[in-house]
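Here come two complexes built around chain A, the first alongside chain B, the second alongside chain C.
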Partner chain A sequence: MLFKLAYKNLEGAGLRTWLTVGVLSFAFVIIILINGIVNGFNDQAINDAVNWEIGNGKLQNEKYDAYDPFSIKDGHGILPDSKNKDLVPVLIRQASIYPQGRMVSVTLNGIDINQKLLKLPTILLQQSTEEIPAIIGKRMAASANLKKGDQVLMRWRDSHGTFDAANISVAGIFNTNVTTVDAGQIWISLKKLRAMTDLDKSTTLFIAEKDYKQERVAGWKFLDQDELLKDLRAMVQIERISDSIIYLLLLAIALLAIFDTQVLSVFRRQREIGTYISLGMTRPQVVGLFTIEGSMNSILAIIVGGIYGIPLFLYLSYYGIAIPAGADNMGLSMGEKITPVFGAGLVLGTISLVVISSTIVSFLPSRKIAKMNPVDALKGKIQ
Partner chain B sequence: MKILITAILVFGSMIFYQNFPDGNMILQKVDDNMSSETNITESQMIIHGKRGSRTVISKGYTQGHNKSFTEYLAPDRDKGTKMLKLEDRLWIFSPSTDRTIQLSGHMLRQSVMGSDLSYEDMMEDRKLSEMYDVKVVGEETIDLRKSWVLELNAKVEDVSYVKRKLWVDQVRYVPLKEELFAKSGQLLKKTVMSDITKISNRWYPKKINFKDMLKDGKGTDFVVTLFSLM
Partner chain C sequence: MNSEIIISLEHVTKRYKVGDGDFTALSDINLQFKKGEFAGLVGPSGSGKTTLLNIIGSLDSPTEGKAIVMGKNISALSHKESAMLRNYHIGFIFQVYNLMPVYTVFENVEFSLILQNKSAAERKKAVMESLDWVGIADMANKKPSKLSGGEGQRVAIARAMVKRPDILLADEPTANLDAKNAHAILQTMKALNKELNTTFLFSTHDEKVMGYLDRMIHLEDGKIREDEIIPHKLSV
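Then we have the complex of A and B:
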């Protein structure tokens, strides 16, 4: 009965109800949309990192630190053959290339050309007949103004620090969202790089395949996926927090509208409150009625939000959101589109957030009813 | 007939080489001339770029081969920048950021103030005679000065350039030109020395043009305006 009465009261309020419901539904849809986009970005970034860079973890030489360029020179070693099963070896050195007569510092990566773990198109290195074939990413190609088939002079140092120089040929350009394997990176055959640098059998790191069984090896450290994805997850978390400010503001505006409506109702509908009590309703029942009225705004908002939100979410889940060209340069590497992920947890969580918060803001002003004198209320005396 | 031709060629080349002085002696004299225990230098680095040239003025203090300190005096943009080299380590202090950083890896390969000199070029400090076997391969005249042409091949493993070609003044024992090669034989850098001046009892080039042969442009001129030996 209370629900029916509450709905009739809301219906009676007309435009005021629908304005509140409209704002609340907008906040509801935006919360789900923003979180869906962040979830989509998170999933995409993690999948790309796994597929292009980290595989199932990395076994790194202890002296090598990916964040310390000092460590590249000596951060390599020889892993016993018995220990390198289900691992893809990578040797990292530094070099310079000279496209169009300008010097560009690069990281030179030697990788097993038969690997199938990463999406790097190392098959192109197998197929090429050039002396030093190389594959590069689209960012590297753009910054060095290189295209497939181009040759560019590269200078590097061998294990003793002696300069060597030769032309490398661009065997292919790959398209990836993972900038760490693209920007400033050149990939060539591991065998070739070892010969070029006199670093026979040396490796900087190994990328673990699915079947790799982790074991302790002196001089090497294993970093699992969680460790390697720690920074990415932290970045997504920061993004999530900064985005939450926007939708919490929207939600606060909608909740403020409900709160205002409730305060006004308790003030203006004193005779009605008095009548309810005179007719036999207890004070908690009247408080409950007003609270239900307020929180029913959120139920209506979820229904209205669902009417225009569900088709929108379905459309975005299918087609994704196109990322404008050049967004890469803003710091975060993103694909050509982000496909938002709207999980059940996200939707149910948002519904709970909206319903509970609107119930609380509806209840707070209604508490005043419990202290009202019913006779004075019936007379319409301001209390 | 073949034997005769071979014998003539071998004998002829022996006579030819016998006319040249000992390369090690020349290289030793070059090292003695170019190295000093302690010196203070004020210099201009004229960097020729695509959109004109700019001049960087600096004052350097050098002790032996392993220690040097350089302070940049002009232009305003670089004024106050300081560089300290101790053996194989290099630090830079930048006044704009009020920070000191140690250069490493790829940063050492960056050019110094946009010049054709990289930081790692500045790190090369050993005497040539310690690093290379030398052979006199000819003589040429450069700017009216007769010079020996020396071919230097590394005798130690840890050198930056496996091969060098050096043109040395026959009287003053100062290099007039130098070419630096990669293991593959690719010419990497070229240095031309001029304005040779006598300071104390040794000859010293007051103008050096460094040219990275893999990059476009006219290279970088290094002009010594004040040189004092301690």
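Then we have the complex of A and C:
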């Protein structure tokens, strides 16, 4: 009964209702949209990290620390053959290149050219007839002003500390969102790097394939996906918090509109409240009626938001959102396109948030009705 | 008219706080009303008519004394109990009709029956019968804003009568009506009083209303000046 009455009253309020519903539905759609984009970005960043860099985890030499460049020199070792099944070996060394007379410090990565685990196009290293073919990412190519087919002088030290130098040829430039395999990174054949550095059979780390069975090996430590993605997830979380400020502000504006409408309604509709009581409604029923009326704004907002939001979400899920080149302003690298992910949890969570918060702000001013003297209400005398 | 007493006021006094002092709206009122009476509280503004009506309607309670309505002591009722008393036994008619602007005539009249959890079929039958009594059955789907003053007050009467209350309290029901409409409304009320044996209690200082009353209680400064039984002057 109260729902029917509340709907009638809302319908009767006309434009006032539709303005509130409009703002609330906009907040509702924006909340889902922003969260959907962040979810999509999160999924994309994690998938890219898995596909380009971390696979199913890393087994790395205990002396190696990815955050400490000084650990590169000694952070390598030889893993017994019996232990390296379903692992892609990578040897990491430091080097310098000299593009157009400039000196650029780089990390030199030697990788098994037959690997298929990572998306790195190592097949180009296989196909090249050059002495030292290398593949680099688009960021590296841009910063060193290199393009496919270019040769550049590279200098490195072997395991005995002796400097050596040779020209490397850019066999290919790959496009990835994962900066850690791109910026300042050069990828060459593992076999070649081992020979260049006199580190036969040595490896800095192994990237685990899907079927890799983790086991303890002295001198090596295994980092699983969760451990390796910890920082990425923390950055996405920070992004989510900063975005939530935007939508909470929007939601606050919409809720303020409801609160305002309720305060005005309770004041303006005193006679009506008195009449409800004189007709036999209990005060909790009248409070309930006004609360339902206010919170029904959110139900209407969900319906209205659904009308224009669902086609928008479907379109974006299908076509994605194009990101302008170089728009790496989220603190993380983004692809050319982000495909938002609108899960059931996100939609239901947002619906609950909007309905619960609008019910609370509707209830707060309506509580005043419970204390009203019906005689004064009928006379419209309450200030 | 049977002799069942349905309203009994014993030494009813009502005081309001005004600034640092008290204002006495009603002073030591002793009255009884039987079922089926067509009575009025008459007197000038501020004489306590509406206050007394509100106490009988359980919208207010006396500061001193006892108001027994339908066997229940108004002062002792909880909010829920007084809501039940109003919902099932008391109908109100207000000077400004107090119709819900967003509801149709039908929905305005139906409202009390929804509170009584009557079925849709029962509600429809009762509402149409009630609108028929007051002669506006053809306006069931109109909104109150489309009605004239007389029509609006008829809707208010239908809304009050639809639940067949034992007591109908009318606060200055003709104050906003012209003479023709006022007489028509009063005749309708008188007919309903006869047909349904509902106790009508008016608060008024309108001569037209007084002409229809069977009993007039004259109030002055919150006290009963005269309680007068009137022989029939007008026939319906």
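Note that the second predicted complex is superposed on the first by the 379 of 383 C-alpha atoms of A that agree within 3 Å, B and C clash if a C-alpha of one lies under 4 Å from a C-alpha of the other, contacts with A are read in each partner's own complex, and residues count from 1 in each chain.
Throughout what follows, a contact is a pair of C-beta atoms (placed from the backbone, for glycine too) under 8 Å apart; a residue touches a chain by one contact, two chains touch by 3 or more.
Model, not experiment: these values are computed from the prediction.
K.L.:
A:Thr162 in the overlay: touching chain B, chain C, both, or neither? Say first, second, both or neither.
P.N.:
After superposition on chain A, A:Thr162 lies in contact with chain B alone.
K.L.:
Looking at A:Pro69, would you say it contacts chain B, chain C, both, or neither? Reply first, second, both or neither.
P.N.:
Only chain B; A:Pro69 stays clear of chain C.
K.L.:
Taking the superposition as given, does A:Lys8 touch the first partner, chain B, the second, chain C, both, or neither?
P.N.:
After superposition on chain A, A:Lys8 lies in contact with chain C alone.
K.L.:
Considering only the touch criterion stated at the top, classify A:Arg271 as touching first (chain B), second (chain C), both, or neither.
P.N.:
second
K.L.:
May I ask you to decide whether A:Pro311 touches chain B, chain C, both, or neither, giving the answer as first, second, both or neither?
P.N.:
In the superposed model, A:Pro311 contacts neither chain B nor chain C.
K.L.:
Taking the superposition on A as described, I'd like to know which of chain B and chain C A:Gly343 touches: first, second, both or neither.
P.N.:
Touch partners of A:Gly343: none, neither chain B nor chain C.
K.L.:
Jot down the residues of chain A that show up as touching in both complexes, chain B in one and chain C in the other.
P.N.:
None.
K.L.:
Could you please specify the touching residues of chain A with respect to chain C in the complex?
P.N.:
For chain A paired with chain C, touching residues are 1, 5, 8-9, 11-13, 271-272, 274-275, 277-283, 285, 373-375, 378.
K.L.:
Quick one: in the complex, what on chain B touches chain A?
P.N.:
104-107, 109-111, 154, 157-162, 180, 182-184, 186, 188, 212, 214-217
K.L.:
Where on chain A is chain B touching in the complex?
P.N.:
Residues 69-70, 72-73, 94, 96, 98, 100-103, 105, 107, 153, 155, 157-158, 160-166 of chain A touch chain B in their complex.
K.L.:
Residues of chain C touching chain A in their complex?
P.N.:
54, 57, 59-60, 79-80, 83-84, 86-88, 92, 94, 96, 98, 100-103, 107, 111-112, 114-116, 159
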